[in-house]
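Chain nomenclature is as follows: A, B, C and D, assigned in order of appearance, with residue numbering initiated at 1 for each chain independently.
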Amino acid sequence: MGSVPLAHYLALGSALFAVGFAALLVRRNALVVFMGVELMLNAANMTFLAFSRAHQTMSGQAAAFFVIAVAAAEAAVGLAIMIALVRNRNTLNVDEVDTLKY
Amino acid sequence: MEWLSAMNPAEGLQDALRWIVLFPLFGAAVNGLLGKRLGRANVHLVACGAVFASFVISAIALYTVSFGDVSRITDQWWRWFSIGNVPVEMSLTIDRLSAVMMCVVTGVGFLIHIFSTEYMSHDEGYWRYFAYLNLFVAAMSLLVLGSNLLVMFVGWEGVGLASYLLIGFWYTDDAKAFAGRKAFVVNRVGDFGFLLGIFTLVGLFGTIEFEQLKALSASITPDTVLEAGIFSGWTLGAAITMACLFLFLGATGKSAQLPLYVWLPDAMAGPTPVSALIHAATMVTAGVYMVARLSFLYAWSPTAMATVAVVGALTAIFAALMAYAQNDIKKVLAYSTVSQLGFMFIGVGVGAWWAAIYHLVTHAFFKACLFLGSGSVMHAMRDETDIRLFGGLRKEMWHTWATFGISTIAITGVLPLSGFFSKDAILHGAHANPNLFFPWVPTFTYAIGLVAALSTSFYMWRMFNLTFHGERRGMLEHRAHEGGNAMVGPLWVLAGLAVGSLVWGLPLSGGARFENFLKPVFRAADENIARMTALGAQKLGVPVPPPPAHDFAAMLPGYLIALVVALIGFGIAWYLYLGPGKDIPAKIAQGAPALYRAFANKFYVDEFYQAVIVAPLSATARFLWRVVDAFAIDKLVVNGSAVLTGWIAQLFRYFQDGNVQRYAVVMAVSAVVILWIFLG
Amino acid sequence: MGAAFQNLLSVVTFLPLVAAFVVLLAPEGRVSRGIAFWTSVAVFLLSLGLLWQFDPSSNAQFQLEVNVPWFESAGIGYHIGIDGVSLLLILLTTFLMPIVIASATTTIEHRQKEFAVAALVLETAMLGAFIALDMVLFYVFWELMLVPMFLIIGVWGSENRVYAAVKFFLYTMVGSLLMLVAILYMYWLTGEQGEARSFDYYAFLALEIAPQVQAWLFAGFALAFAVKVPMFPLHTWLPDAHVQAPAPGSVILAGVLLKMGTYGFYRFAFPFFPEATFEYRTLLVALSVIGIVYGSLMCLAQRDMKKLIAYSSVAHLGFVMLGLLAFTTAGVTGAVYQMLNHGVATGALFLLVGMLYERRHSREIADYGGLAKVVPAFAAIWLVVTLASIGLPGTNGFVGEFLILSGSFVSKIPGGKVWAGAAATGVILGAVYMLWLYQRMWQGKVVHEENRSLRDLTFREWGIVGPLVALIFVMGLFPSPFLGIARPSIERWVAQLEKANPALAGDPVPSNPVGERALRVEAVTGPRGAVPAVADPDSKPRAIDPQQLQQGKVRITDVVRPQVR
Amino acid sequence: MTEAMLFYPMALVAIGGALGMIASRNPVHGAMYLVLSFFGIASVYVLLAAELIAALQIIVYAGAIMVLFVFVIMLLNLNEDDLERPRLTPGTIFGGAAALAFWMISFMVFSDLPDQTMPTELPEGFGQVASVGRLIFGPFIVPFESTSILLLVAMVGAIVVAKPRI
């Protein structure tokens, strides 16, 4: 039994997703929240790739490729927002940023 | 009179009756809208002319129904509306009863208009005054002429309005404005009863036309248990009693009987000619007129009859007692009016219909004369009304003294003038008409009536003596002067009528003239009474009492008693206020101050009403507003539900207050729950 | 009937809406005011055309009906039509609107154009609610009324306007939403019981609903309407709304909007749910009578004249509800008439209050006093309107009140005599508070110096209140033309309810067993319908016209009226 | 044998790094833990025969994105006061519980799956640069070009948002 069953890959993905999710929900530092989001994206990628391998088709890898690209874009914009936030509000605490529009 | 009968007035009058109402109404409209620009003479002309025109038509009508071949003329005007399928016609009817009333209303009204032209000559609101006065005549005509209860009610409320306007004529004085309002509101209490009476009759008979009711009343059987309509389960008699009592409540309001008399003394705030016309001669007798109009119904309800008689008797004595200690000349006359109206109600209450109407007519003459006389005195004495300041005015105001004296004789009955006969006709009716159901009523009303007659004689002569005889006690520097012809003329006419009208009441062998004159009108009532008496006798197992005799022989003992009583009153008044006992009244006042105060303060009835009805009502209103409306309903329930919603919203707001992370938590929890449901 | 006339109803209803758009584009000031005013006048004249088209003697339940599919798949149609009652209310609305718009010229001080737009939209909404015979259509108009009224109170009101506007809006909304639920349920029922789901009035009318279900549905409808009436204890939005609304807004509110509630009861709640209606009638009667007495008592405690008049509206509308609930021709006729009367008299009162407010900027009664000396014509008009409001005979108020009270007294309401008697105390209390108000404002001495220089009614103001005052007398003395329009509809309405429960609805028969035969005279028509004649024993009989006898117009010799003319 | 031997340790590294990220107060430490986690994840990608993605994971994520993070953290120059203190609020409790519950549910679901093993045979060049490239520039050309536009927009947007004044 040298191979690992598909379910274990998926379990790893869900575990990473859960941890990222927890970071998103529990942490108050916007940067850490953001890292949680990145982690969740990776968890999704993990699932894509696992199924890609299981079904012997490459489409999952293409999807993962796009996810990484989008994550990069998102990180850029998100971090820019964070800079703007600190500049305007002088805080990174998400509790204090509750004016959804100005 | 040949031309008159050639014209066939009965036909002409069908369209002319409305003009009795319309002339004064137009007069009121013209004076009210344009009066300010018309100038004094024109206003007088319009006002007096309108009433005189009405008087002429009324007189023709009276002539027609007295001597023509019709006893009733109806002017169909227009259909007003319908109560369901009960039509309400705006139609006017004149018969002997209403013709007499109309002649009194327009005749006395005309005289008072004449009087007013001089009396109100210094008032800048004269045009308003005459407009109101014309309005009153129009409304009163409607009241009298109405062929059904609703038209009568229109007039009924209309005279109330005119009365309100005229009592509050000098409205800048808050007390006078209040008096007007009080009159209207107290009358409204009566009108409430009147309305319910109308409704009862509608539910019972499905008609409000007097003639139809009269026709129906002939076949009434009081013990029938009703099966249909809203009175199913009642006996017919009980329903009729209810109608009669409600209507009588209306009469107590308009005619100032217990317990609603309180407005009338205050109504003296109006100009004195108004008091003469409205609050003595005509409007206040509307209740009597109404009961007489519906006599055929009252005849079927011994309870209602007894109530009317007893209330009348109690009012007569009660008001007379209150008049003892009044020092305001108009207040004395006001209480006297209340008391005399009580006599009239005794009359209609015991079935002496004609006597009540006769007293109504004579009272209209002499009381109008008295009021105008008092107005003449006030006019001469710078509007002073306190009789303690008067005295010896006979020398300065001979005409007023003479006419006032004649009228006082008439009302007190020390000499057999009209009042003597009319009042005695009532008293005779009271003790001679048997009452099977309430056997104590004849004795009671007769006894009370005698005491009231004694009191009347006393307070009237007290006032007369204090005003016109003895020496002047106040305003010594002021010289009184008699008014002009416009004031003296009506006084003499009225005094003359007060004397002359005695001929209708003479106890001739075939009954008094007035009695015979009105017999057709009251025939139905008399027949119904006879039927009711027969039924009652059958039920109680007693023989049917014979109809009372009222020829001269039967009346003589009553006359003698009445004369003695009147003379006693006269004597006491002379003794106490002119004769040797001059200091006794003061002694009484000092010796029994509580008693004197009770008399002087009218037995605290106003205060009682204030404490028992008015104050609690306004306290309730304030309580309901502050506690129930503003607090319990609005604050607690209405705004409370808003506040509660707010609280709940606050709770939910926690999840959506802009904290994005919390949104995410909510989303996560929801997603987990959904996953759990679908996957778990 | 030509198509043009068929559409007259729609034209009358939607013309104000069109005008509202035009006004919106027009420049502020004279032009927009003029367009608004003349449009409303034109609408009034066109609605008189309705009067001409309407045939009171027709047997149809509704006339001038138009029924075209709208959202066919959902069973929604553009179904409109009027009966006599809605015609009268339409006339009232179109009559009041020009007056309101004219009075707004001086009373409304800013954003006059927008006010005119709101008023015109409101007019369309009100007229639409009176003509709608499709429940969705009705509901749309019903809710559409809220928006302009909300704006009128909230934008042009006085100091506490936003609170009042929101209160008005929410209060009414809560009730209407429950009604919407009931409508949707009934919509579903139409599918169950018929071949297709429909929002049509007739479809709803034809439903057979189990009594328990009826109770709930009735409650939904009744709540919506009772808030609008407003019935005790759902009335507390009214004083606030009236006090805060500008005078023209108050006139519309009192004049027409309150009638929506009673009209709703008349048109929808009672006919749809007869069994529930009878079940809850005693409760509703009790609330109406309480409303009369309670509203009157409230008036005795007020210091603000607008609030006083608002509470008097509660009492007056209590009368209307009592009359409707009597389910007798007299009572319902009176109720309908009282709706018109209240619109005229209370509308006039609010206009007068607005004119006073313009001069003195106060609603406190204590700030006035003795004004009759200063402005006699104003005082006289006020007195006339006061008298109409307390129902003095000769004014319109009396006819309505009398019919309501007599109609409910003789009705088959359990204990109807007592309820009517209790309601009749409102007649006394009405005189108490209205005359008290009159005395405090107009009689006595002038106590405030600034009141000495008030100016009397201007020519414009005469033009505004004049028609109302004239109408007070015309309607008081000649009610028959007005009542004649509505009467056949009302009789049908009462007959329907009587069919549902003869023991509790319908005209009574006189109790007296001897009376009926002798006196029932078939409806005598003609300009001078003769009094049913009864032989008079005191007069000689006269010849009668045989022709009349044949026609059954006279039964027994009419000695009163000889036939020689 | 080798797959299992590599998978479980690397999975542990990935999860441990993630947990370290969530547990560290200082965001810089968090970022470092995340990089660690990404390396673990990249290793697992290799096991999944996705060499290109694994490489991209290291280059883009662990390299570019995380460096960007660290840059931003440095740029913002946070001091001790800005570090958050762990607090128990309804939000954290429910959030944590939700995450935990999510993991448990998914775990339950996966443990119910049939014990499917990965196929040992893979097509030629599976996960290689060439085959992924053919895929992306073939059927996925439109999304690819869209992504390029997205990146452009994101770049411009980031500049606009982050710049104090344009």
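The criterion applied here is as follows: a contact is a pair of C-beta atoms (placed from the backbone, for glycine too) under 8 Å apart; a residue touches a chain by one contact, two chains touch by 3 or more.
Remember, it's a predicted structure, so these values are computed and weren't measured experimentally.
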item: Pair exhibiting more inter-chain C-beta contacts, B-D or B-C; value: B-C
item: Chain separated most widely from chain D, comparing mean CA positions; value: B
item: Whole-Å gap separating chain B and chain D, where each centre is the average of the chain's CA atoms; value: 102
item: For chain B paired with chain C, centre-to-centre distance based on mean C-alpha positions, whole Å; value: 35
item: For chain C paired with chain D, centre-to-centre distance based on mean C-alpha positions, whole Å; value: 72
item: Gap in Å, rounded to a whole number, between the CA centres of chain C and chain A; value: 66
item: Residue numbers of chain A (touch at least two other chains); value: 21, 24-25, 28
item: Multi-partner residues of chain B (at least 2 other chains); value: 659, 661, 664-665, 668
item: Residues within chain C bordering two or more other chains; value: none
item: Interchain pairs in contact, sorted by label; value: A-B, A-D, B-C, B-D
item: Contacting residues of chain D [partner chain B, same complex]; value: 91, 94-95, 97-99, 101-102, 105, 108-109
item: Chain A residues within the chain D interface of the complex; value: 1-12, 14-29, 31-32, 34-36, 38-39, 42, 45-46, 49-50, 52-54, 56, 58-59, 61-62, 64-66, 68-77, 79-84, 86-87, 91-93
item: Touching residues (chain side chain B, partner chain C) in the complex; value: 10-11, 14, 69-74, 76, 78-87, 89, 91, 93, 147, 150, 153-154, 156-158, 161, 164, 168, 171-174, 177-178, 181, 184-185, 188-189, 191-192, 195-196, 198-200, 202-207, 209, 211-212, 214-216, 219-220, 224, 226-232, 234, 236, 239, 520, 523, 617-618, 620-622, 624-626, 629, 633-634, 637-638, 642
item: Footprint of chain A on chain D - complex, ascending; value: 1-4, 7-8, 11, 14-15, 18-19, 21-22, 27, 30-31, 34, 37-38, 41, 44-45, 47-50, 52-53, 56-57, 60-61, 64-65, 68-69, 72-73, 75-76, 78, 82-84, 87, 91-92, 94-96, 98-100, 102-103, 106-107, 110-111, 113, 115-123, 126-127, 131-132, 135-136, 140, 143-144, 147, 150-151, 153-155, 157-162, 164
item: Chain C to chain B touching residues, read off their complex; value: 167, 170-171, 233, 236-237, 294, 297-302, 328-330, 333, 370, 372-373, 387, 392-394, 398-399, 402-403, 405-407, 409-412, 416-417, 420-421, 424-425, 427-428, 431-432, 435-436, 439, 442-445, 477-480, 483, 507-516, 518-520, 523-524, 527-532, 534-540, 559-562, 564-565
